[in-house]
Amino acid sequence: MSRKTNKSRIHTSPFSRRSLPGSAPGTLIVDPGSPKPSIRVMAYDQNKVVEKDINDVQAIKEYLGKWPVTWVRVCGLGDLSVITKLGELFNIHRLALEDVINVHQRPKVEQYKNHCYIVVRAVRLQEEFASEQVSIFLGKNFVLSFQEQPGRYFDPVVDRVREGKGRSRTAGPDHLTYALVDAVIDGYFPVLERYGEALETLEDAIISQPSGRFFEQIHEMRHGLLALRRAAWPLRETTNILYREPIPLIDAEERVYLRDCYDHVVQIIDLLENYRDESSGLMEVYLSSISNRTNEVVKVLTIISAIFLPPTLIAGIYGMNFAHMPELKWLIGYPFSIVLMIMFTVVMVYYFKAKGWWS
Amino acid sequence: MSRKTNKSRIHTSPFSRRSLPGSAPGTLIVDPGSPKPSIRVMAYDQNKVVEKDINDVQAIKEYLGKWPVTWVRVCGLGDLSVITKLGELFNIHRLALEDVINVHQRPKVEQYKNHCYIVVRAVRLQEEFASEQVSIFLGKNFVLSFQEQPGRYFDPVVDRVREGKGRSRTAGPDHLTYALVDAVIDGYFPVLERYGEALETLEDAIISQPSGRFFEQIHEMRHGLLALRRAAWPLRETTNILYREPIPLIDAEERVYLRDCYDHVVQIIDLLENYRDESSGLMEVYLSSISNRTNEVVKVLTIISAIFLPPTLIAGIYGMNFAHMPELKWLIGYPFSIVLMIMFTVVMVYYFKAKGWWS
Amino acid sequence: MSRKTNKSRIHTSPFSRRSLPGSAPGTLIVDPGSPKPSIRVMAYDQNKVVEKDINDVQAIKEYLGKWPVTWVRVCGLGDLSVITKLGELFNIHRLALEDVINVHQRPKVEQYKNHCYIVVRAVRLQEEFASEQVSIFLGKNFVLSFQEQPGRYFDPVVDRVREGKGRSRTAGPDHLTYALVDAVIDGYFPVLERYGEALETLEDAIISQPSGRFFEQIHEMRHGLLALRRAAWPLRETTNILYREPIPLIDAEERVYLRDCYDHVVQIIDLLENYRDESSGLMEVYLSSISNRTNEVVKVLTIISAIFLPPTLIAGIYGMNFAHMPELKWLIGYPFSIVLMIMFTVVMVYYFKAKGWWS
Amino acid sequence: MSRKTNKSRIHTSPFSRRSLPGSAPGTLIVDPGSPKPSIRVMAYDQNKVVEKDINDVQAIKEYLGKWPVTWVRVCGLGDLSVITKLGELFNIHRLALEDVINVHQRPKVEQYKNHCYIVVRAVRLQEEFASEQVSIFLGKNFVLSFQEQPGRYFDPVVDRVREGKGRSRTAGPDHLTYALVDAVIDGYFPVLERYGEALETLEDAIISQPSGRFFEQIHEMRHGLLALRRAAWPLRETTNILYREPIPLIDAEERVYLRDCYDHVVQIIDLLENYRDESSGLMEVYLSSISNRTNEVVKVLTIISAIFLPPTLIAGIYGMNFAHMPELKWLIGYPFSIVLMIMFTVVMVYYFKAKGWWS
Amino acid sequence: MSRKTNKSRIHTSPFSRRSLPGSAPGTLIVDPGSPKPSIRVMAYDQNKVVEKDINDVQAIKEYLGKWPVTWVRVCGLGDLSVITKLGELFNIHRLALEDVINVHQRPKVEQYKNHCYIVVRAVRLQEEFASEQVSIFLGKNFVLSFQEQPGRYFDPVVDRVREGKGRSRTAGPDHLTYALVDAVIDGYFPVLERYGEALETLEDAIISQPSGRFFEQIHEMRHGLLALRRAAWPLRETTNILYREPIPLIDAEERVYLRDCYDHVVQIIDLLENYRDESSGLMEVYLSSISNRTNEVVKVLTIISAIFLPPTLIAGIYGMNFAHMPELKWLIGYPFSIVLMIMFTVVMVYYFKAKGWWS
């Protein structure tokens, strides 16, 4: 059940909300299931922070240009008119706006004339793995961010701005952009940690008692790691561009922070590939344990046959109806036959012990 | 049956229509099975659109140079004289013309003196996967496109030009070329979507009840994904060249659109590789389930042997003809032997339950 | 039998004709089994073609420099003195001459002071796959080509020169060189086609009735594809160099033709890799079918045991010699026991049908 | 048991000491389990060496700038205030300081304004594989090194400085940095050597008597090699940067030594990949031996059945109660039946010998 | 036995002679098992050759600078003082000298101020695969070569110099260096040839009669190919550097020869990878044949059971002791039962023939 939901996220949705094939570039079609956008403005300078929930997009004009940094934070993409008005207000290219709504973009950086458009994917692993597109527009004195859902991963950034710790209020919108990207990237670590723990648990379980249901679990885990990988790999290139390429809107001083971001992504990918290697190893462990299991079953079968066939033959022989079978008249004929049977059995058991089949 | 047709498309045709080995470069040999070409001209400026079906190639001259953009759309490649005349009219290099007819080119961009030649492959998945070569010549004031079959994938572009939405009529032939390439690329998404759904269905089916026929289905799916991959990978390089390299006939302003095209191709390849990984995973699931199945069969065999061999031995023993076998005279000898048999069976069953073999 | 010959071509010959390890660079040692060289000169300008079989190398001097293009075509490498004289006449570097005779070079382009040396491999698949080294020297006004065997793959080029079609006589020796390389490359397509057909036939055969002999066939096919790959991959780099790098002896106008050559090689490699992927898939199909087969055999074994063991036990029980067995005295004892046996068998059959093992 | 510890090092710890997701960049959170830092200063010039254990960070000021090289060696990261004071004293960037404490960095080189920050990982294989982060700051006249644990791998460097051998005292802090990195890299060789020996031992053991427990050993070894690989690969890039890129603080003369370092890392990776290949080969050996084993068990089962079924049938036949069975009255009937049984058995044995199943 | 020696070469020795971890760079520790060095000087100009065995290193001074080329050939590395004196005489960097003695370097080229240091590995396959480090120092008028053992692979070079064939005496020390490297590379071909032959023999043997011992042979062959690969791959980069990079001590004219060297290495690697692919294919053949074998064994088991179980049941039925069994009184009861048994057997045999199991 939970599986299905997970998979439909990965397989199906990439297309369900897409504009129809062949529609004009920049056609905006909103996913009807998407939550209505809520807009919150946070404007600050070194001394002061102003925060306000906004209903009318035009109200943002009050802040823009009056503060060194105005952060417009949009959660939910379910109202086309709001998105369009924001696009007009911030003078955003139609193609970029299309990408904001078609929430299946790969992480990327795109430079437009008067803003820089950054796409990253925030990940989450509660019951199942899920990822969400986060779009960030960095302008001269604003940051405009779009989230699919009201998520909590930007809360630490909000808190830092409020408290004015470190460079959080003295630096410009480029630093805020860095902080947002960094917050998203930091969210990958707990997800990885949970995969790491799950791997360890599974490994111990498989070695102690292999069973078919582990196969499905490994398969599902690899499924999840594959999806995580799809989100993380392009993030590497994205942060690399942010840190290396000369983007006018990003201050040189900020690069050392973005390099740190890039470092984290490399570390994430490193761990990810490690887990993928280990999950492959786990699959091998599983397959090998199944193989061993078959081997063991066949061994038991062989031993059972080997123990019962010789006595059965002996019993058959003394069940023959020949007129002249001296043993049949012996007083100890019956015990003798039983001893014979036991002897054969003992020989067989010794033979298999010598072969190492008798565990 | 449907399979065969599919495969013959992939395996055999690349050669069936090729010019003979060693023939002169630029030799044009038309595939006799190809439909006769139908030509439709669409000429437009900002204010007006003219559309006309053309029988005589010379009639195109009326439009060329008189309109900012003249789109000559050819469907079907089955008449050599028509193709040759078009080649002469638009001054197209023999080698490029040869590639138009030999419809097994990899997607590519080639720059000639006065035109730019673009090859892409349109894909389709109805009963089976099929791909078709689309050749586009971009000139100073014309676009000349060749399709193998009358397909509907250019219809949205036609509609947009007719309605004059967005930049569709204000921009030059480079924008039309972009629109055509974009329309072809958009056609990949529904195909991918169907593979995605098929993967999901197959996965559920295999896990719930594995059977040999799934193997063939996975194999066929991988076959199709392989063919799709052959079409999509070179498309990546093609769109990358269009967007990055300075092609004189393409306006700088158009690049942001071509970058979007490139983005889509990257997304297609990303999904494609994802599906390929998942289909490999599916194969593993299948093979593992077969392995489990053998294991289970052997287990049943072992259990049957283990249950029947001991009682059979006991029956054999009391079937021996020894003169002196006290049990045979016992009044409860017969029930005693039956109880003995049942006891052995019960012990065996317990043993296998302890081993976890008795499901 | 035919297999061996094939393999000895691939494995053994690379060394059998090599000069001894440590011999001086440029040492020429002729393979005694190689046919004696036959030399044919073809000189032409726009108006006229002269062809002549030559016995004495010195006779070539008559043509060199007097015609815009003189093509000296050597078939067979079995006479050292002839090769050496040709080397002297055309002023060819000793190392290049050594490579002409050691016919196991990888395709390559090497520029020397006054000529350009091109090695390609011509392929053939009659009973078995075989490849042959073709050496081409391109000079200012000559082309000197060496073939191991008198092969027919240059015939279309000869015919075109004779008929003077297209650019074949107006262009210089660089065009002739292109034509020769193109003729060799065109020869790869029929070979690929045959592999494609063989793959298809094999696939159908394996799916309908798997058997061990298919394994050998797949193995042999992969063997052949591997050998073909060894010939084709370096050809890619070779044609790429010819088309991209500024080689003084090759006219800029010729590049568009060489780009076409390169395109063909890329297409060949594309198909080749496709076939290799498919042959791997075939191997999987085969292995999976063997696995299924074992599974089926074990199932039959299980069913036979399950059907015969219970009646055998019943027969054993009524074969016991207890003095007090009421059934033995029953009038319907015998039919009763038979019915009992049949009942058990029917139960077993139903059980296996329910499990889906009874096909 | 020991396994668990090993694994928890690899899986779990990367996150356990990490600062919380979303915390401000440069937030320093000390791992409470980390040992308290001990600081030792070693200052030297060509003539003299001074060594002292330091409790108060300020005492370092006495040495800095007064000696050509001052090496401040910190073992243990368990006291935030000490680390912070060192950071202030040496003017170290907050992000670099964060990386010192978050001991799960990949090896890297980072250049800051007035120092160069190098991270490497020291490895150890006693009962289990473990790695430790070593941070080295190279400044104009100082080297500041941080180790997680008091380890002995820097002892040879200390000794060489004390004895003033070679260039150890005449060269600057760049040479000391080289010596430290080299000492860490040298520590990889004994670890590799132990893996090499273990591989050899395992291989012999598996071939002579395969068993399921080897599987776990191979799996664990691959686990370890994977972890070693994660430490070694980025070290390659790190040393490559040190040796190739123009870092102002590193003298040109020192490069030849750093190239040697790089060479060693390449050699380590070479061996590592070799061992990984061999461990894969070992897995194949193991799986093949299991396969052989199953084969052998099934063969024994077949032989047992084949030997006992025919005599059992014969005994059954002569146990039938037909009134008219002439053999039953024969005087030699009984021995005749036994001979018949033996004959069948002998025929079977010969048959299996001919098939090569009777080893 | 021979195996062990082989493996110890590959696994163990890389470390046994290494200087201790952490020892100073350039520390020279001689392997006590290494043979004592023998030195032979060969000095020549165009007209004359002088050869002499040298005991005292100082005696070399007589030749150095007096002849255009002085080749000092050292065989054996077992005497530290001799090596050190040579190092001083030729002014060789300590690190290079360390590499000469630590005979486990990867092939490489290193340029020092007044000499160029080249490491290559000579290979040999007699009973087992072995490789040996060859160090070559190229100076302005000298070549200094170090071999681990007195090997014969330089003999052809010596002979050519003595006879003054070709450029062997007219060219400078760069040509001699080329000749030495070429001689070492030529030594790879016979080794490859032996692997090629072994592959062919093994393949035929496995197909005709698979057995477990082939597995070990394939495994050992792959082991050897892996070791050969480790020697050959870096050789490729080494020769590429020699031929492409501008090394002052190597004349431009010599490059065409070094390109030939590089070509040979590429050819070696090509063959090597080919053999590795084929050995993987062989492994597949082997595993598939084992799989087939198990299949066959199980089939025989099934057939035996199927043939003997029904008659055994019939015999059991007529062995029952019912008072009323009419058949028992029949005169033809006994032959009737035998016919019944045979009938069942025939039916079974037909069934299995129809299934294709009866070969």
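Order of writing sets the chain letters: A, B, C, D and E. Residues in each chain are counted from 1.
The working rule: contacts are C-beta pairs under 8 Å (C-beta built on N, C-alpha and C of every residue); 3 or more make two chains touch, one makes a residue touch a chain.
Since we're looking at a predicted model, the values are computed, not measured.
**Q** Identify the chains in contact with chain B as well as chain D, in label order.
**A** Shared contacts of chain B and chain D: A.
**Q** Rounded to the nearest 5 degrees, what is the angle of the rotation that puts chain D onto chain E, matching CA atoms?
**A** Rounded to 5 degrees, the superposing rotation is 70 degrees.
**Q** Taking each chain's centre as its mean C-alpha position, how far apart are chain C and chain D in Å?
**A** 43
**Q** Give me the residue numbers in chain B that touch at least two other chains, ranges are fine.
**A** Each of 291, 294, 298, 301, 305, 309, 312, 316, 319-321, 325 in chain B touches at least two other chains.
**Q** Could you spell out the chains in ring order, with the walk beginning at chain C and its first step landing on chain E?
**A** Loop order (chain C start, chain E next): C, E, D, A, B.
**Q** Contact residues on chain A for chain D in the complex?
**A** 153, 155-157, 160, 165-166, 168, 179, 182-183, 186-187, 189-190, 192-193, 196-197, 199-200, 203, 207, 256-257, 259-260, 263, 266-267, 270-271, 274, 277-278, 281, 284-285, 288, 291-292, 294-295, 298-299, 301-302, 305-306, 309-310, 312-313, 316-317, 319-325, 356-357
**Q** Report the residues of chain A in contact with chain B in the complex, numbered from low to high.
**A** 7, 11-12, 14-15, 18, 20-26, 93, 95, 104-106, 108, 110, 112, 209, 212, 215-216, 219, 222-223, 226, 230, 283, 286-287, 290-291, 293-294, 297-298, 300-301, 304-305, 308-309, 311-312, 315-316, 318-321, 325, 327-331, 333-334, 337-338, 341
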